[in-house]
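Two complexes come next, and they have one chain in common, chain A, joined by chain B in the first and chain C in the second.
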Partner chain A sequence: MSETMETILSILKDLHEDVDFENCTTLIDDEILDSFDIITVITEISNEFDVKIPADRIVPENFNSAAALAALVESLEED
Partner chain B sequence: MLFTSGAFLVGLPILCIVYFVIPQRFRWMLLLAASYGFYACSGLENLLFILTTTISTYLLTCAMERIADQRKETLAANKSVWSRDEKKAYKEQMQKKRFWLLVCCLLLNFGILAVLKYGAFTLRNINSIAGWFGQGDVFAVPQLLLPMGISFYTFQTMGYAIDVYWEKYACEKNPARLALFVSFFPQLIQGPISRYDQLAQGLFAGNGFQAGRVLFGTQRILWGYLKKMVLADRILPAVTTLISDPAQYDGVYAFIGILYYTLNLYADFTGGIDITIGIGQVLGIPMAENFERPFFSKNITEYWRRWHITLGTWFKDYLFYPISVCAPMLNLSKWSRKTLGKTIGKYVPVYAATLIVWFTTGLWHGAAWNFIVWGLMNAVIILISERLTPLYDRFHKRFAWSNTHAYGGFQALRTTLLMGCLRMFDCYRDVPLTFRMFGSMFTKGNFSVLWDGSLLELSLSVSDYIVLAVGMVLLFVASMLGRKGSVRQRILEKSPVLSCAMTVALFLIVLIFGAYGIGYDSSQFIYNQF
Partner chain C sequence: MQTNVLEYLEQTAPRCPDKIAFANDAEALTFAEVYCNARAIGTKLSQCGFFGEPIVVFMEKSPSAINAFFGVVYAGCYYVPLDVEMPAFRIERILEQLKPRAVICDAVTEPLLVQYGYADAVLRFDAIIKTTPDDAALQAIRNRQIDTDPIYIVFTSGSTGIPKGILACHRSVIDYIETLSETLDFSEETVFGNQAPLYFDACLKEMYPTLKFGATTYLVPKSCFSFPIKLVEYLNAHRINTICWVVSALTMISATGTFDTVKPEALHTIAFGSEVFPVKQFRIWKSVLPHAKFTNLYGPTEATGMSCYYHVNREFADTDAIPIGKPFRNTGILLLDAENRPVKDGEPGEICIRGTCLTMGYYGQPEKTAEVFVQNPLQTRYPELIYRTGDIGRYNEDGDLVFVSRKDYQIKHMGHRIELGEIEINCGLFDGVETVGCIYDNQKGKIVLFYTGAAEKPALAAYLKQRLPRYMQPNLIRKLDEMPHTPNGKLNRTALRAIYEEA
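And then the complex of A and B:
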């Protein structure tokens, strides 16, 4: 597991302890994360990584799973 | 022009017939002509404002796209020449140009809205502040023209401009086609606030006549008229009576007013949207749904996901997220973590963004303090219920009966009453008066008005109450059945004859039980004023 993924999982676990974030791929579709959670995740990511998630990247496909979030962070780091 | 006006009722079927008869490639042009004709009926001078929005958005979004194209070409040409940092610097430089074009577009169009809708309100407040310091009026307050549907079409068009800036899709190259997206007549009065990528396909496809679609659309239109004319307009005189004399109608009357206004607003707004979406369906133009049985919601957060959905998602996508992730907000987050601790600090930006969004939502509804207080009260309740979520979760785990349908019904009733109480700000349009009327419900104790015949003196007769009760049962049953998918589809699958009979029945119900008579003038749709 990459370091990015570990950090993302730790941020998510902080929000909802009882969710299986490692395997869940419907965090937005099943309304597990609401808009409050999304903003908390974004601010946590901006604190943990040297990236800023722009508003146009806040779409369900980028937030539906921990893996998608990790991929988003990695793509922003590359930009 | 009202959906309930004679001209509209005669013009709409003619338009539909002509739409299906003319060649496919001319159909969107007919809609554009009809939309401008419809809008011109609200005042020729209003055309100036909608044209300004259309032309400015067209020019500025096309300019944004030209820069994006130039960026792509230059980057491709220098792919192997430039370093990563050079490419990044170039991208940022071009993005900055596009950003300032977007800012110009937003400033101009929201500026028009701000001056026309909030100019007088701002000046009145400045005069009030001057009054506190013993000064006279600093500014004369002008009576400004407020073009019909300006809030709706401005929000829809600015959503399009932001999407083009975000490069979600290409800009519309044909100004006439953009003009139709901005002015499409069914949604001009009260939405829904559509997204270009969702609406454009149906708008320009020029879909031909299809019996099933026309039948469903007609049924949806008639269902909308039923809500508006049989329920909303019938109960309106009672709402007006209750609101117009708060000194006489307080206590239990105020509570009755909440219930009546809830029905009035729901039937009026959802009825109007049903007519809009129904017209779209007849013409083969799918439009976004604006409601999803909001009064079945378990809490206020869910209610706002199901009431006026397109406005809620507009604020979420174009205001809540952008301000939540902007640099000042992220700095606020860092500062609050440092000073307030990690646990409390991480909620500060979310709460700040929520309060800003709800302040703006209140202001969107009207240039008055009652709307602002209404918006902020919604935010406070949403934030409190958010903080209490872990407590609710423990409660539901501990008590099995809290997961039953009966408890779900209680939650829905609680949400309905809570939203009704908040809507008192909308009814009385005066913040101190609203609080007084709310307090009177618990102190006045005039319960006898419920059985001593007083309710028959509120401009409603026994027959009115019977029609309203039957209508509400009909709404409830339709909502319950609608949870399992389209009721119209199921009826048609069961029997086409039954489906046609239902259409005729809806028409007859509107005709017989609609609240009109000699000299009747249907009321304006409530959301038209926003």
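And then the complex of A and C:
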């Protein structure tokens, strides 16, 4: 598992101790993450990775799974 | 003289019958429809023999749910909004407290009522709106109603673990709607974008001015509040010009650079409240909408909606807090010190409220009511109640009220008012939890829960989801070997804070 992925998982796990974030791919579709959670995730990611998620990347596809979030962070780190 | 909130609807419906009053993605109701449906529901409830009692409206957030509220008022009853998103445990406690003889539901919530063991009258909204309105019966009910009769109960967090139902009457709501409307310049042109859930008094701001002016309210889909560009596009698509939102919804838009992609086109009135709007975020909003009116609102549910307002009309430093300003017309504010004396200029004191805005207290809880709805200590010659908010405030150099802190462990989290004690008590009931302590990280907006015992974190988190609403869920759960206590055996929250900050 990549370091990025590990950090993302620990951010998510703090939000919901009872969710299997490693395998879930419907975090938005099944309303597991709500607007409060999204705000927290965005804030935590900017603290942990020193990247800012721009509004046009805050879309359901990028928040549906831990893997999608990790990919988003990695692509922002490259920019 | 207006004595009933329904007079707003009765004056507006004939004036603009075909205009949309309330809409969401799935349905839109015109004023004529709202009027007819409400009278049909009122007739049906009356035919069933209900009067002067709580009727629960347990429906998905929708124009129909709002319509059902007015129907309940037509029957001379008071509505109690419950929401599908509330955890079962909470709904059961509320039903236990109220023992309502009837619940209005929809297709989604009807099966849930059976699960919750509710056995009295279940009325489906889509069925009861087909009742033929009985004008004479409705008039007879109206003739019996007075403006100090209750119209709703909304539930708020209780420190003993049991939610408290706050009961408000026609007179208080009319007083609030009149002063709020003049303060924020609502009119027939107003198009509201509602964010607040219907089970809080926050939605009064949109619901009743819509009736009063013949304005329109769109219930913004919840999913929009997760995705800022979608949210602003929604505002633009419906030409929404007025929003009264929690601060977190506004900062999500500004902090993520949404305005680089899309700007609100019609928006001219932005009200926010109950929480500190970070000045840095406020400036971003102001720069994009330089001509818009920004207003900070403050007020407890116990005083019917909001009590104070501040039009933000000057510059603030990043570290300044935007004041809560002055009381609405016809609302009185007292700042009292620990000995119940008025504070000296600039000194902090407890914010106490007097006036028509005072609600009727906590339903079925006379002791709780008497603790905070008390005789005005500055005036003892005739009965006059004030409400003690538990908020500490002070006046600044401009004579504006500024929020300082809380007297107790009540917090404001994402616009919601929460008693940390309610979270602690519920957590303490879980098998394997021995001691519990909760703190709030104001800076990051996080509820942090500490516990000791054998319980596993995931199981505890799952348990709390069944018992507490989403907004009361801890953002962080930490297991400790030992809970810090003060020398006299009380929970040591300062020590907990230190443990949290070290980590």
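Rule of thumb we're sticking to: the second predicted complex is superposed on the first by the 79 of 79 C-alpha atoms of A that agree within 3 Å, B and C clash if a C-alpha of one lies under 4 Å from a C-alpha of the other, contacts with A are read in each partner's own complex, and residues count from 1 in each chain.
Note that in this section a residue touches a chain if its C-beta (ideal position, glycine included) is under 8 Å from a C-beta of that chain, and two chains touch if they have at least 3 such contacts.
Values in this document were obtained by computation on a predicted structure and should not be read as measured data.
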Contacts of A:P60 with chain B and chain C, given as first, second, both or neither: second
Partner chain(s) touched by A:H16 [first = chain B, second = chain C, both, neither]: second
Contacts of A:L33 with chain B and chain C, given as first, second, both or neither: second
Partner touching more residues of chain A, whether chain B or chain C: C
Contacts of A:T25 with chain B and chain C, given as first, second, both or neither: neither
Partner chain in contact with A:D79 - chain B first, chain C second, else both or neither: first
First (chain B), second (chain C), both or neither touched by A:S2: neither
Interface residues of chain A shared between complexes with chain B and chain C: 34-36, 38-40, 42-43, 52-56, 58
Chain B-facing residues of chain A, complex: 34-36, 38-40, 42-44, 46-47, 52-56, 58, 79
Contacting residues of chain A [partner chain C, same complex]: 14-18, 28, 33-36, 38-40, 42-43, 52-56, 58-60, 63
Contact footprint of chain A on chain B as seen in their complex: 88, 166-168, 301, 316-317, 320-322, 324-325, 327, 330, 333-334, 337, 346-347, 349-350, 353-354, 386
Chain A-touching residues of chain C, taken from the complex the two chains share: 222, 225-229, 248-249, 252-253, 256-258, 260-261, 414, 444-446, 457-462, 465, 470-471, 475-477
